[in-house]
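There are two complexes below, and they share subunit A, which is joined by subunit B in the first and by subunit C in the second.
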Partner chain A sequence: MRTLIHQCAWEAKLAFRRSSTWVILGLLLGAGIVSIVLSGQRSQARTEEFRRLEGQFSEQIAKLSKRYANGENAGYWGYYTAFPVASPAAPLAALSQGVEANAPSVNWVRLLGIEPQLYEGGIHNPLLQTLGGLDPGFVMIVLAPLALLLMGHDVLSRDRSLGVHPLVMSHVRNRHALIWIRLLVRSALVFAITALIHLLAVFMLRLPLDLACAKWLLTAWLGLLPWVAITAVLAVRLKSPQATLSGALGMWVTLVWILPCSINLLVSSVTDAPEGMELTIRQRQVMHDGWDQDRKANYRLFLERHPEWRHLGDVPAEFSWRWYYAMHEVADQAVSGLAKSYVDRLQSRSDLARRLSWFVPTCYTQLLLANQSGTDLDSHLRHLAGVRRFHEELKGYFFPRIFHDRQLHPSDTDGFPRHRATPEPPSDLPSPLPLLLAAALPLVFYPYRKFPHDPTA
Partner chain B sequence: MIQLLDVHKSYQGRTVLDGVTLEIPSHRVFGLLGCNGAGKTTTLNLILGNLVPDSGSVAVHGRTAYIPENVALYGELSGLENLVYFSALAGVMEQKGHFRRILLELGLASEALDRRAGTYSKGMRQRVAIAIALAKGANVLLLDEPTSGLDPDAVVALSQILRKVADQGGAVLLTTHDLWHLSLDCDEIAILHHGRITDQFPSSGKSANQLSKRFMEGTGRACQ
Partner chain C sequence: MQVICECNGLGRVLRVAANEIRLTWRRKVSWYLLVSLVVLVAVASILSFGRHEREQRRQAAFDQLVREQWEGQPDRHPHRVAHYGSFAFKPKAALSAYDPGVDSQAGRIRYLEAHRQNALAFSEASGFSSVSVLGELSPAYVMEMCVPLIIVLLGYGAFAGEKESGRASLIRASGLSAKGFWTGKFVGLLVALLPFFVIGGLAICLLGGSSPAGLAAEKDLVLRLSVLLGGLALYWLLWLALVLAVSGWCRTAGSALTALMGIWVMVSIVTPRTASGVAAWLHPLPDKSEFAAKIAHQLDRLGDSHDPTDPVFAQFKDEVLRQHGVSRVEDLPFNYKGLVMAKGEEQSAQAFSTELAALRELEHKQSGVIDLFSWLSPPLAMKRLSMLACGTAPANHHAFEDQSEAYRYAFVQKLNHLQQEHISYAGNSEEKLGAEHWAHFDRFQMVAPRMDAGGLLRSAMVLGVWLALGLGAGIYGIAFRP
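What follows is the complex of A and B.
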């Protein structure tokens, strides 16, 4: 054991004497710090926006209270009030943007039709294969593997290029042990830098230093294990530093860029989903058509779905809030199938992407990190479902008052429903098994018995 | 300490060694002389255990160390650090002072010990390599073309070191083209030609010219 520690210490010393080690680790740390700063800015902006929404809501209520100081039909209050529905960021959201990188957040909702309000921006790429912006997750998934490959690809081939290989091989007691000790020492340096980045993120972003936070780092490390195995196989199988470097970069480009993009394309083409904008336009079309249609006929469509309002009879021929909100509801109903299909397709895209990501450790690691950060597609869809529930709550409050032509007064605003902004708990953690398998798979190609190159050659 | 008995070795149908028999006892410096492609490096690899003979047997009684023709060290480490590092590879852990003494005994200047090995001459690197071998307790030294590229002073110094190793009970096998060095150092010489030992004789008292003549006879006057 003492000999092993002694040798590890010397391998670390040898690694630190190389300028390339400092450059690689320095760049990784630098990228990590930049990612933390950018994540901090995004996080700060989101927190400020969250606070601003509350202020804007109060200002809005104050204006309406002034305008309708003596009371006004509930329809006016419902029309002009926008309710904040943003959820506060999950505690670890700053570590990995996940789907937030390309999905618009729904911050406000009004009493009008819900569908366009939810899907106005759409999610053109709901999959987790896109790598998103520069955040600590990106550093762990994209840059740390590159650092591992650059640090470890030449554990053997560098000796060959220096000419020191015969001397090393004639003195070392166990050649495979030497390769693994070197690789593990160099990998440990990369792991240490990722731990440092994570710690810096915890302090700079004021994240809770708890089990979930530790689990996030462990998951990121788990995602690096397949890369250690890949580096080992490349280092032993290929002879020259040029060959090992080319092999390493080829693997990195394939696993980090080509395969995720291919999966993205495949999933998009296999699960064709109507886009959010299409859904929004369809709903608005129905709405606009409603203005030109016979109001009573239009209202009857509403009553088919909502017989509880049948006792109020038909709407008047002129404008009424009852007809207006019913028309929104009818427009929502017209696209409800489309909306369900949209969500179902997003979910099935997510499921298919998750299954395919079993074969691409980069994607799977991203899936795990976004899941633990509370920024995966499931979290986003849960937020949208929460907004939909809140919209139902709004209707439950306003519709009886609007349909009975009641007046609301400023004092009534205290009783307006409010969205409970609770962070979404992460969904069930996907199994880390694929990453362990991905770490084991390359080792099938490791030459355990025969050492591939003649040491004196 | 080294015994090869009727060793045959072929690569892809080409015979490299064809019934080589050699015996190198302790206290001996043994020279293996041969043209390029004669099978010298294959012989060393068989002794080191890097290769397995197709037939025949190879026995080594002792701890071997191989010193290649062009000794390369880690340029970013000092000579002393290289010695400590390679000793660690061999599982040898000693105080730095011990390693320092070995290098000084082999004639490496004290000011050079802590200098980066990237600045060393070939002779200095070779001394470090021999120190590495001695530090791990090797008593069977295998040297491939040890004098190639060395200046005369360095060759003399190397000869003295090898003789010292032999005198202390070790066995030294060196392959070389350098007849002058052979005549200077070796107790016994074998000529390897086309994978066969064509001649073997004690070198005592033989001049480089006499060796040259014998070598020409042993190789059929042509190194091709």
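What follows is the complex of A and C.
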């Protein structure tokens, strides 16, 4: 045991004697810090957006209260009030941006048809989105493996190129052990830097230091395990430092860039979701046709789905809020099938990507990290479902008042339904099994019996 | 060595070059890389092109549907039609299959209606899965990220390898000048790498040539392709010079490869993403809610055309009555309600335009930050050049926003005008306009803006400066770091 500790300390000392170690670890740490600062900026902007919502809503209510100081038909209040529906960021969202970059987490909802209100994008500069962002998750899945490969690829080949290989080998009892101790010590340095980045993120972004937070780091480490195995195999199998380095870079480029990007292109090429556009166009058509149709006939379509309003009888021939909102509901009903298949399509697209990512550790780690950060597609779909639920709540409040032609007064606005963000139940954690398999797979190619290119063998 | 010694100056340079070519293609890795490139280019091109065509067909079909819906409207009140509105679809640029640029992030469809300037919806990215942060493979990605890697992998040992094996001093001792040595290596690698460049160039030409939209504007396409290929040639040369420079400065091939890989990661991956984050940080855009609140504020200031008691419009009414010398709006020679709608549209359009212009200004500032960062990152400069050449740059997106807004404003105002002329004031709530009018409205036609010569020039300047630095450092390195 003591010799083992001694050996590890010696290898660490050797590693730190090389300037490249300092450069690689320093750059990794630097990139990590930059990513934390930028993520902090992003999540702060989002927090502020959330904080302002309440004020924006009250301002709106104050304006309407002034306009309808003496009360007005509930239909007007429903028409002009927009309610913010915001899904607060999960505590770890700042660590991995996920689909949040593209999918807004705030929707303003009015009593009108819900479908056209769901899909409006946020305000973004598409150029910045195209270039992508830098967050701690990115550092963990892209840059840390590279650091690991650069540190570990020459555990053996450097000795060879320096000509000291036979000498070193003649001094150790177990050659494999020597290689692994070296590799693990160097890997440990990279793991330590990632832990440091994580700690800095926790500290600088004021994240809760809890189990979930620790799990995030463990997941990131789990994502690095396959890379340790890959490095080991490359380091032992290939001869010269140039060969191990080229091999390592080849693996990195393939597994981190080419395969994930190809998966993304493949997924978006073979599956698409035209239902989104189609339902938007259809909803408009049905809704506006409602204006030209006989009002009573249109209202009967509404009653088919909502028999609870039958007792009120037909709508008047002229404009009435009852008819107006029923017409919006009919338009929503007309595209409900399309809306469902749109969500299904997004889900199946995501499932396909998920299945394919079983074969690419980088993708899988990204998936796990986004899942734990609450920024995966599932979280976004839950947000959209929450918007729909709140719209139902709005109808539940306004429809009885509108259908009975009630007046609402400024004092009633306190009773308006408000979206209360409920803590989302944690979605099922995808299994870490693929990463363990990915870590085990390269070891199949490890030469256990005999050292290749061994001069003393 | 003997052979080199027997030749004159130029002959020696050519020997070095020929040797480089021979050695490059003797290595198995060159063939692997060639096959990989062919596979990558093929996969990226076929998938991108397929998606491009499918999107284009679908948009054309939706566009046709929307037009049929428009013309198929029954008799309607013009203002009803203004609310019914229309959709504008962002056309795909001919070369967007090569470089989708900002197109996959920006929305593709815009609902055009009275009183509002809606944001674009349904960006490609809104349907992305959770693993997309690393980006999507595109032919441009292969040319701008992978080809430089190939140059690195085949060229890193050009000088460093020779130094490590001791051959460099032998070659120099044979009387070959540093410049000659460098030139030989440069020419040799350039020729050795030609198959890669040719494959890349051919793929681009094929992609451009097989797009019907591209062939429709052949002259423009040829110009765009030439700019793109010229830019890429400059970009690849720059990498070649950079690789040789680093190889010349490093003592061992291993350290050259490590350094080059570090440079590649920094300029291709870390810098663009950092630039994006810094730009968002320095010039934050308002969020959706804040933006909506600003618009509402502007609209309040300008008055509500639907509110008969609005003071702004009361004043407007008095003015109109005075101009026409009548005392009641009923006596006006046209439908006053139509005029109010027109006036209201003018005001709401102005409110939106003011805020959107401020937003655009912020976006320009953000782009300015990206431009500054592009001095640190040739791939970023190349990205701008290729987006401009492919018609998928932010400028093209802005042109769509502007043109669809101009179209929206024109048809809404035309409807308001029809309301003034054909609908009476007294019968404003019952009367309708005949369905025959709907066919007289134009379709939305996007006119693609010309390539931004300034942007192209700035990108070319960045690439040129890096090329010059690479060349200078390379020759200097060989001469003074033996």
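In this section, the second predicted complex is superposed on the first by the 422 of 457 C-alpha atoms of A that agree within 3 Å, B and C clash if a C-alpha of one lies under 4 Å from a C-alpha of the other, contacts with A are read in each partner's own complex, and residues count from 1 in each chain.
Here, contacts are C-beta pairs under 8 Å (C-beta built on N, C-alpha and C of every residue); 3 or more make two chains touch, one makes a residue touch a chain.
Here the structure is a predicted model, which means the values were calculated and not measured.
Student: Per the contact definition in the header, classify A:R17: touching subunit B only (first), subunit C only (second), both, or neither.
Tutor: After superposing on A, A:R17 lies in contact with subunit B but is clear of subunit C.
Student: Check whether A:V164 is in contact with subunit B, with subunit C, with both or with neither, and answer first, second, both or neither.
Tutor: The first partner, subunit B, only.
Student: Tell me which partner A:S65 touches in the superposition: subunit B (first), subunit C (second), both or neither.
Tutor: Neither: A:S65 stays clear of subunit B and subunit C.
Student: First (subunit B), second (subunit C), both or neither: which does A:H6 touch?
Tutor: The first partner, subunit B, only.
Student: With both structures fitted on chain A, tell me whether subunit B or subunit C touches more of subunit A's residues.
Tutor: C
Student: After the superposition on A, what does A:R173 contact: first (subunit B), second (subunit C), both or neither?
Tutor: first
Student: Considering only the touch criterion stated at the top, classify A:S336 as touching first (subunit B), second (subunit C), both, or neither.
Tutor: Once the two structures are laid over each other on A, A:S336 reaches no partner at all.
Student: Considering the complex alone, what residue numbers of subunit C touch subunit A?
Tutor: Touching subunit A: residues 29, 40, 43-44, 47-48, 50-51, 54-55, 58, 62, 65-66, 69, 74, 76, 80, 83-85, 87, 101-102, 104-109, 111, 118-138, 141, 145-146, 149, 153, 157, 253-254, 257-258, 261-262, 265, 269-270, 272-281, 284-293, 296, 300, 359, 362-363, 366-367, 370, 380, 383, 394, 397 of subunit C.
Student: Across the complex, what residues on subunit A touch subunit C?
Tutor: The touching residues are 20, 23, 27, 31, 34, 38, 41-42, 45-46, 49, 52-53, 56, 59-60, 63, 82, 84, 97-99, 101-104, 106, 108, 116, 119-134, 137-138, 142-143, 146, 150, 154, 161, 241-242, 245-246, 249-250, 253, 256-258, 260-269, 272-274, 276-278, 280-281, 284-285, 288, 291-292, 345-346, 349-350, 352-354, 357, 362-363, 366-367, 370-371, 375-378.
Student: Residue numbers of subunit B touching subunit A in their complex, please.
Tutor: Contacts found on subunit B: 41, 44-45, 48, 50-51, 64-68, 70-77, 81, 84-86, 88-91, 93, 129, 132, 136, 144.
Student: Write out the stretch or stretches of subunit A touching subunit B in their complex.
Tutor: Against subunit B, subunit A makes touches at 2-3, 6-7, 10, 13-14, 17-18, 162-164, 166-173, 178, 454-456.
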